[in-house]
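One structure, as structure tokens, below. Some questions next.
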Amino acid sequence: MKLIKAIIKPFKLEDVKAALEEIGVSGMTVIEAKGYGRQKGHTEIYRGSEYTIDFLPKTVIETVVEDDIVAKATEAIVNGAKTGKIGDGKIFVLPVDSAIRIRTQEKDSEAI
Amino acid sequence: MFTKLTKITILFILALPAVLLASDGSAINSGDTAWIITATALVLFMTLPGLALFYGGLVRSKNYLSVLMHNVAIACMASVLWVVCLYSLAFSEGSAWVGDFSKAFLAGINQDSVSGSIPELLFVGFQMTFAIITPALIIGAFVERMKFTAVLLFTGLWLFLVYAPVTHWVWGGGWLSKMGVIDFAGGLVVHATAGISALLLAKALQPRNGFPDRLSVPHQPGMVMVGASMLWVGWFGFNAGSQLAADGQAAMSLLVTHISASVASLTWMFIEWKKNGKPGLVGIVTGTIAGLATITPASGSVGPIGAIIIGFSAGFICFYMCGIVKGALKIDDSLDVFAVHGVGGILGTLLVAFLAAAQFGGNAGADFSALAQLKVQAIGVVAVVVWSGIATLIIIAICKALTGLRVSEEEETIGLDESEHGENAYNLD
Amino acid sequence: MFTKLTKITILFILALPAVLLASDGSAINSGDTAWIITATALVLFMTLPGLALFYGGLVRSKNYLSVLMHNVAIACMASVLWVVCLYSLAFSEGSAWVGDFSKAFLAGINQDSVSGSIPELLFVGFQMTFAIITPALIIGAFVERMKFTAVLLFTGLWLFLVYAPVTHWVWGGGWLSKMGVIDFAGGLVVHATAGISALLLAKALQPRNGFPDRLSVPHQPGMVMVGASMLWVGWFGFNAGSQLAADGQAAMSLLVTHISASVASLTWMFIEWKKNGKPGLVGIVTGTIAGLATITPASGSVGPIGAIIIGFSAGFICFYMCGIVKGALKIDDSLDVFAVHGVGGILGTLLVAFLAAAQFGGNAGADFSALAQLKVQAIGVVAVVVWSGIATLIIIAICKALTGLRVSEEEETIGLDESEHGENAYNLD
Amino acid sequence: MFTKLTKITILFILALPAVLLASDGSAINSGDTAWIITATALVLFMTLPGLALFYGGLVRSKNYLSVLMHNVAIACMASVLWVVCLYSLAFSEGSAWVGDFSKAFLAGINQDSVSGSIPELLFVGFQMTFAIITPALIIGAFVERMKFTAVLLFTGLWLFLVYAPVTHWVWGGGWLSKMGVIDFAGGLVVHATAGISALLLAKALQPRNGFPDRLSVPHQPGMVMVGASMLWVGWFGFNAGSQLAADGQAAMSLLVTHISASVASLTWMFIEWKKNGKPGLVGIVTGTIAGLATITPASGSVGPIGAIIIGFSAGFICFYMCGIVKGALKIDDSLDVFAVHGVGGILGTLLVAFLAAAQFGGNAGADFSALAQLKVQAIGVVAVVVWSGIATLIIIAICKALTGLRVSEEEETIGLDESEHGENAYNLD
Amino acid sequence: MKLIKAIIKPFKLEDVKAALEEIGVSGMTVIEAKGYGRQKGHTEIYRGSEYTIDFLPKTVIETVVEDDIVAKATEAIVNGAKTGKIGDGKIFVLPVDSAIRIRTQEKDSEAI
Amino acid sequence: MKLIKAIIKPFKLEDVKAALEEIGVSGMTVIEAKGYGRQKGHTEIYRGSEYTIDFLPKTVIETVVEDDIVAKATEAIVNGAKTGKIGDGKIFVLPVDSAIRIRTQEKDSEAI
């Protein structure tokens, strides 16, 4: 099992969700975040003073999947999230030791 | 003939409620009274919650509640002190410099006392709302770092040393009033005093941590707009209420106030658009306030043309002053009290010397001399600026000695809401 | 001589709009009318959105919309019922106990009907805003757990069984009014009725889950302050409007209302500061409301000194009552309706017996006896408390039978916004 | 006899402030003036911040500031244009179709000019607030996608081509006014013009991305309620202010306005409850606005029974129209300007032909013919709808040519706050 | 050391915290999130238009514990979070290489 | 590759960001969180009632870096985040299997 952590542009959430569902991944947890990277932030000017906004709104999607569909899942995320412009984000894959469904105490592949 | 007379008499008796006679023979006009009660509510509304929201939206979320707290506490303190003796110091006869204590605790004023065509108690209440908002304007200079004890002490002293005497000079029959200074609704009394004091207090307090490079953006620009809108609406009470009557001049005051606000807003918006590439909400409503502050002293004298000129000047000059104070002077007058209110109030006080003239649609008589008036206005400005400045420095020294001015760095980092007031603004679970 | 007379006559004809004659010969005064129209708007503003925000900021975010919904729905229901027959029950002649249905659907009242110096239709409207805010005050007792159907049913019955009769007793020419009870703007009619009913309803509903140890903090203290500010400003309409004229007494009512609010706010703030180490925003503005509620019955009788005493008592006593109700009585009167409004209203009703006296700057005549008045006031308090209590218990029983009082535990956990109204308050993406 | 006369004369002189004589001999009534100054403040308050919040709460958080910005900028523009020449075009004599430029820059109007019993300057100001809110209503049709430059251009042209002439027709002595059309406070002038133009503009702009399936919910339903509350309170100024006097009819206008709002709110709530299973906050307050818009043209003619009928019709018909416009017509009139304001304004304009009759408690005389009046009302509706429609199509064409109507898809995705105004609404750290 | 990542219903946070404390786990970090899974979202209706809310509010609890108490900890979480209704959430266990307490620079088991 | 997850005091974010940038780490994702640990919460008192606030605002920084700079990076974070007072937070290091840059589909060390 792997945890796929995808950092994407917020307005791409719907597309990524749809892409994941298409390949049968239908459980995920979504977190609002702020990102810093090559994509430069911007400045806002209020009453003549400049304020630099370094961190840009990003959305983190976490989904735990079986090892064999990691590749398909990351591909789906890329397809859903890609705009081709800087700041599209990253996907990280982390190992997961085990999973439990709280409601039923099912374990691992049954749980996700 | 006789029946006619009788009828008139009857009519008159019926009309009496409208022309209640005060014990000293002068009459309360119910229409004027109705408007000034309303105006009093409007001016209170300007501070609570208008100004509180205007300022509160501009600070970081961790200091938002402290700004509201300052507004409420200052309003309450000013109200109590007003009744206790500030009204007396401002509006009793006294000397050319300050009133006396003869009306302390409103001694001798009752339901039947009359001031012009309204109850004197209403005049007391209306003016009280001015004594509330003026020190509240200064909040903008010291947000996010001043000790709450110091806020209270500063405000109390300031009302005695600055507000009461200057009010007496200009509106209470004091020396500036005798000299003929024009300050219809408080360019000098309200905006110049608050603006200068704000600048000096901001300087004394030192900038906020992170100034000027690492400050955060206004935490809710929408709230700034809501506050500004309330200030705008309330300002009708402030300026048109200062006529103390519901008449044609009150209508003119309302109209020129509104026009100046509109023109200043658009001016600010277009400058910002041109300079920064985008017209912003905080900008346009700051223009609104600049336009309102600037027309304030002139709103009893100018016509629509004058209002357009004042509005344009306000938007233009106050816009650039914001940059100058923070950029060139490096003073963290955090919410631009001086650049908007101080500069606006002074600007309007000077411009009215010209724009009151009939050529500009003003209501000055034929024998009005703009230059002579300008001299009087300039004396007024200098006197108010100098006196406000000196008194503020003294008050700052007292506060430093008794309470200290500024919270610790840790408290500032945590935010005043939690460190000074033990509360947090947003608990959305 | 003749020309003079003619001129007078002409002047008079011109002045006629100011002294419109009603069909029954009494006159509408345009100034008084202007003020009471404004006061009507101000009192509506107290509920929508003033009270709604004051209460809404105090609850958890998942129940915020339900509080607003309660305010709107109660306001609409009360308005319709008022016109249909509550006004008639409260203000038509009827008996000493309650009016009759002679003015149902405002029968017989038209544009020319006069009440005092204002149109009767305006009196209907002004009083309607009181019938809106009074049941809305009770919301504070049942937030976060009462069924919406029960809210509607309770309110409807309560307006008939409590509000209309008590209003008739005190303001509609009923027995308490004949006895000479002093209740200028609703210490008994508004605050005591709502406070007692709130306490009993809170008791019947049982506490919220988590009470008293695991409750969440107010979700937006800043919103509480904004609501309180609107209540403060609107209270000018409530109290000074109750004079039903734009005159010196209206001005005095406004002023004492404001002073009491200011003093109570500061009192509460300082007690909290001393007791808890920090002066908080929710605290100071709760003090404001306590000061406003407490001065309400007395605001037509006392002077500034009386207002200071009332404000101080309000801040002090209501502060401690909040703790007593929740701590000692263990009643989850969630937003302290009884401790602030009930206690405040009763306190003011009793204090006015002394503070109306001339020694305290009140406006009672020379033959005023504080003790005699106190007896009347005490009778008023007991009668209103007992009647409100009994009627509320009956209404609770009816609601239990017809709708049930409380949502399920799951609905409470999810929050009323979603479970009762299908909406969520904050969707910031 | 003589002394009596003298006394009368003296009394009269004392009463003079209440009956100021204008140069042309007509008199300013201070009570009426007091109320209309207040009404002017109330109507400004409807837009700033009332409507801004009502609309702002309905959009997504990324477009919230842009909605506020539209409100402020439109208010400022309309104010300036009003003084420059719109007032003249609407209210100077001119022809049956439009006024002339004789009062441009308020030429010839000064403090002493009288309009009815109030200063003409006040009439200018009061009407200005209508010229502010009317184009601001249209914002609801184009939120979340229209270019800011196009908003400004559209508004400017619209005020000239639609608002000024229609106002002249109905209120400025133009052809519809001569025909006897009843439109007390703007069912045609305000709501029908704005509603029709909104519909066509929404159609021309095309729907927002994601319409109708993937739109986001209102970002803050609580804010919608706060805005609606402010609109409700302010509407007292709008409708009762349109009487231009503080008298019995003003009181009736206030009361019927309030009743219609209450009934429409409850109607909407119960329909929604029945249809969707839950009564929602956004729903009930949309009902409020529908009730207010619909009573507007009728608020000078109907009585309480008429108001109940109008309120019920408003709640019922506007509810279903919301679904029809978005569902059947597939027009993304995003915040239902047409369904609520357009339909409401037209509905009220037609209903008044019946409900003004004495049988329904209306104030029409004995010789009133509902059918004859209905014909006039229908002509008014058709004329206003057709003219607003044609002019709007022309304006849209001009905007397309000069500025383009719509932001790019990327800007829309990012949100107008950032892309058009460079700001973000919520910075809670 | 393991990172236990539990996605639960928000109103169960207090119970889960209590359950964890009972077994001696007294450090945790909590993040608001939105979840998508078998539990269906709901629709909200405004002015006659239906809006589908796919994502439901969830709370993520992250706590790093020694390997030997992972089982006890997940059990505690299950006990605290379970309502038996769909949407109760999941627990994922991820390997952790090392831990540092910032204040003291203590490492690994000392740090948590 | 490792995922460094640092839980810090919110007002230290700028300092930590600066410290990381200095050593060449210029991509990170930041999440608001609430923390529970040795640092006690506080109580707030409203109208005489005490409310206990258990959870304190914390900020989570996540950055994926090459294995060889993990030590330098954690050191930088410690330097930026340390105040020496209780509640300064923790740093956890988790293994990462792979990384993808969405925009370019670059993999692993190219992606971060």
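Letters A, B, C, D, E and F mark the chains as written, and numbering starts fresh at 1 in each.
One rule holds for everything that comes next: a residue touches a chain if its C-beta (ideal position, glycine included) is under 8 Å from a C-beta of that chain, and two chains touch if they have at least 3 such contacts.
Note that the coordinates shown come from a computational prediction; the quantities given were computed from them, not determined experimentally.
Trainee: Assuming a repeat means more than half of the contact pairs shared by residue number, which candidate in A-D, A-B or B-F repeats D-E?
Mentor: A-B
Trainee: Can you check whether chain C and chain D touch via the same residue numbers (shared by over half) or via different ones?
Mentor: different
Trainee: Can you give the rotation angle that fits chain E onto its twin chain F by Cα atoms, in degrees and rounded to the nearest 5?
Mentor: Result for this pair is 120 degrees.
Trainee: Applying the document's contact definition, name the chain pair with more C-beta pairs in contact, C-F or A-D.
Mentor: Taking the two pairs in turn, the one with more contacts turns out to be C-F.
Trainee: Centroid from C-alpha atoms only, then distance chain A to chain E, rounded to Å. What do you get?
Mentor: Using C-alpha averages as centres, the distance is 18 Å.
Trainee: Which whole number of Å gives the spacing of the CA centres of chain C and chain E?
Mentor: 46
Trainee: How many angstrom lie between the centres of chain B and chain D, each centre taken as the mean Cα position?
Mentor: Those two chain centres are 31 Å apart.
Trainee: For chain B, write out the residues touching at least two other chains, lowest number first.
Mentor: Chain B, residues with two or more chain partners: 5, 8, 12, 15, 18, 29-32, 34-35, 38, 216-218, 246, 276, 280, 282, 422-424, 426, 429.
Trainee: I need the residues of chain F touching at least two other chains; which ones are they?
Mentor: In chain F, residues 31-32, 44-46, 94-95 touch at least two other chains, as defined above.
Trainee: Among line, ring, star, complete and other, which one matches the pattern of chain touches?
Mentor: other
Trainee: Just spell out which pairs of chains touch, all of them.
Mentor: A-B, A-D, A-E, A-F, B-C, B-D, B-F, C-D, C-E, C-F, D-E, E-F
Trainee: Sort out for me which residues of chain C touch chain B in the complex.
Mentor: Those residues of chain C that touch chain B are 5, 8-9, 12, 15, 18-19, 21, 25-27, 29-32, 34-35, 38, 42, 60-62, 117, 216-222, 225-226, 229-230, 232-233, 236-237, 240, 245-252, 254-255, 258-259, 261-263, 265-266, 269, 276-282, 284-285, 288, 303-305, 308, 363, 426.
Trainee: Hey, which residues of chain D end up touching chain E in the complex?
Mentor: Touch list, chain D to chain E: 212-213, 215-218, 272, 276, 280, 282-283, 286, 319-320, 322-323, 326-327, 336.
Trainee: Note which residues of chain F are touching chain B in the complex, please.
Mentor: 11, 14, 42, 44-46
Trainee: What residues on chain B touch chain C, complex-wise?
Mentor: Result: residues 1, 4-5, 8, 11-12, 14-15, 17-18, 20, 22, 28-35, 37-38, 40-41, 44-45, 48-49, 52-53, 56, 64-65, 68-69, 72-73, 75-77, 79-80, 83, 105-106, 110-114, 118-119, 121-122, 124-125, 128, 148, 246, 420-429 of chain B touch chain C.
Trainee: Would you tell me which residues of chain D are touching chain A in their complex?
Mentor: Contact set of chain D toward chain A: 214, 413-414, 418, 422-424.
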